[in-house]
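For reference, chains read A, B and C in written order, and residue numbers begin at 1 within each chain.
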Amino acid sequence: MPIIEVDDLSKVFRLNQKEPGLRGAFKALFKPNYTDKVAVDHLSFSVDPGEIVGYIGVNGAGKSTTIKMLTGILAPSGGAVRVLGRDPHSQRVANARDIGVVFGQRTQLWWDLALIESLNLIAKIYEVEPARYKQLLDQFSETLELDELLKVPVRQMSLGQKMRAELAATLIHEPKVVYLDEPTIGLDVMVKERIREFIKQQNREKQTTVILTTHDLGDIEELCQRVIIIDAGKVIYDGPISTIKDRFGKYRTITFETGSASTAGLALPDGTELVANEPRKLVVRFDRTRTTASQVAGALMEQADVVDFSLAEPDLESIIKQIYSGALREEVAV
Amino acid sequence: MRSLRRYWRVYSAFAANAVKLMMAYSVWFWVELLGQIFMLIIFVYFWKAVYANTETVSGMRAAETLNYILIAQIVAPLVRWSLILDIGGAIRQGTVAIEFTRPVDFQARWYVEWTSQMLFQAIRLALPLGAVAMICFGLRLPADPAVWGYFIVSFLLGNAVLFCFDWAFACLAFYTTEAWGLHILREGVAAFFSGALLPLQMLPGWLQKGAAFLPFGQALNAPVSILTGITPVSQAPAVIGTQLIWLVGLFLFSRFFFGVASRKVTVQGG
Amino acid sequence: MRKLKRYASLYWLFLLQRFKVLMEYRVNFLIGASSTIFIQAASLMTVWVVMGQVPSLNGWTIDEIFMIYGLLTLAKSINHMFADNLWTLGHEYIRPGGFDRFLVRPINPLFHLLADRFCHDGIGNFLVGLVLVMRGFENLSIPWSLGNIAYLVLAVLAGGSIFIALNLITCVTSFWIMNSVPVTLAVFQTHEFTKYPLNIYGKMIGVAMTWLIPYGLASYYPASYLLGRDVGYMAWAMVPVAAVLLAAGYRFWLFGLKHYGGTGS
């Protein structure tokens, strides 16, 4: 049975366009000028217990709106969300006991309190049993290397220290579902590695379900068995990482090394595009649904003095980059 | 001459920016105006009730006192408004270090900004308040241009005195960790000893002596007394002379103290 | 009952942590806690100087005026100490996004907001009010009877609740508007009227401060009652009014919360 069920979920924001100043405020109050913005558009997916799912998309694609509906902060405007069988918005408090959330750069720890004091307070808020709390604190201190941090107030911590502390605070009540928004952003390689290791360990030992939004390819490759890509509020991909390449690696590039300097007036086959034209070097990108590598290579060899050529496989990194730069949008639309 | 024009250009740009910043908070303005009108009402009724049983208080008649209080309350927001939080905040956040690198005098720049904001406030808040006071509470203003002239000079001098005092006082933020307490302390003491709540002439002798040792009266009681005629025109030059002495003294002290206090920080590296 | 106990112990913990932080900056704590004393001192000294020269203000002696002032300041201090964080709802929680954190925790978000910051600046107000009221009891020979003490506690708690409820109602507008502080301030600053006997003002202001923005119920009427002036059932009006306003405020809060769930801003 899935732990998270999202069924035909939509969220439409009504924005009241306001003019600046007092007059604008009054006008907005009495003669509002509404525009609707669809943030999440008939979204459906489900997540099984113990899965680590990468939830990715451009800024504004609807990622954080979805997360806010999953955590109960926002109410859906259409469709339904179930987390552990509950409606997270109407049963917000019950839901809150079973989930943990890391909101990117915004810490949940008290700025001026020593970490241990913050953790004590959070344990009380979540009613963690004292014996269990002690046990977990020892465990976390070891895996996240918190020992020397426990007495330090958050305001004095580095970015990496803050995120380690944040993860401990988020998982101290052993939530069944954890939402992590950019947990490794801005961190150095060592800290990233430690954090990924910790997330993996929690997932392995406690079957914690993790929903992860990230720009970091390393996070996705190391943690996620499955990726959901959304764009303009819709799911455009839901499946394992391995098949992303097939789905989105539509374009390939061939780099030609040419003997002669002049390559003017080339005729290229359909679905092909000249990306770079330098002396002794040509880069051609082609759509593999419309033409093939051999056709492109053949056509060019006839017209230019080709010394060597190489075919580049689409790599995951460039696909993720494309997703985040919004380039996928046009590609999917074709 | 050319350098003077350069200074004018530089400082007028700062002044214009400060005014623009104030314009943005229009809702604030209405609420502040409302609050000031409330205070006018409270004071008028309070003093009316005081004079219901007596002809004079400390030799001042009802009409005279009411007139003083109305003007004092119109001017009061300008005195209450200190730059301690701003300077103290800049000191705390270390942005003062950036100020040192600019090619304009730090204190002069703040003075220009502060005064232009203050004058802007004065016009924006004092005009409607004055209108309310005249229509609803019978505020009387003098017709003699000499009185107005002395008032304006005395008002500007008084505010410069206050600026220098605040500047020196805010430098304590180099030593304490927060400017908030300094700000509140200054607000409370100034509210009473500036004469915003009652004419300083009404204080018992020992308190009047105390008030004379503080600069706050120079900023409010002095100009308002000139405008209401409590200080006759013939004595106005003497009042302005006193203000000048205050100004020179506090100016020198504020420069000196800022130098000492800021050196402490640069030596310690913040 | 279990819930109440849980919230009480949680509040205690929040308070303890808050004091630990405050003690780290001891000088600031002392300045903050005493700061309001300076501001109150200015008004009090004004009353003192003026009342030294006239016997009474519309039939109220200086001791009686200080009693009114003291009761109001005590009520205000309850709000200042325990509910000051309401002011910051818009600019420190909703707009920067921190309010979301309250919504993913298994406790009441309003409780969380209030518990998040006990305001030590209110301690000064509390002390000023306490001294004024105790001074009034002594100087005006009001007996320290159990009944009077109980009435005093009730009046201060109800008066404090009126302050809290009115601030809650105006602060909840943060769920809709960018900056609710001016709105809150506009209502809050009317309490200045009720530091002095309401009968010195015209009838309109008296009625407004009793029924429209009922801060007067926290000072003028309880003081009258304690001083043995007959104000009839008005001596008790602060209790039902506080209850109704608190209930209305909480309803409005829930409504604001619902709106937040719709827009997230």
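By our rule, a residue touches a chain if its C-beta (ideal position, glycine included) is under 8 Å from a C-beta of that chain, and two chains touch if they have at least 3 such contacts.
Everything quoted here is computed from the prediction, not taken from an experiment.
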Which chain's mean C-alpha position is nearest the mean C-alpha position of the whole protein set?
C
Give me the two chains with the most inter-chain contact pairs.
B-C
Whole-Å distance, subunit A centre to subunit C centre, using C-alpha means?
46
Can you check how far apart subunit B and subunit C are, centre to centre, with Cα atoms defining each centre and the answer in Å?
30
Intercentroid distance (Cα basis), subunit B paired with subunit A, Å
54
Two or more other chains are touched by the subunit C residues none
Touching two or more other chains in subunit A are residues 25
Multi-chain contacts only, two chains or more: what residues does subunit B have there?
27, 30
Subunit A residues touching subunit C in their complex are 13-14, 25, 65, 68, 71-75, 77, 89, 92-94, 96-97, 99, 101, 103, 106, 108, 110, 112-113, 117, 120-121, 124-127
Contacting residues of subunit C [partner subunit B, same complex]
25, 27-28, 31-32, 35-43, 45-46, 49-50, 52-58, 179, 182-183, 185-186, 189-190, 192-193, 196, 200-202, 205
The answer for subunit B against subunit C in the complex is residues 27-28, 30-31, 34-35, 38-39, 41-42, 45-46, 48-50, 52-54, 57-58, 176-178, 180-182, 184-185, 187-189, 191-192, 197-198, 202-204, 207
Residues of subunit C touching subunit A in their complex?
6, 9-10, 13-14, 17, 20-21, 24, 96-98, 100-101, 103-108, 177, 258, 261-264
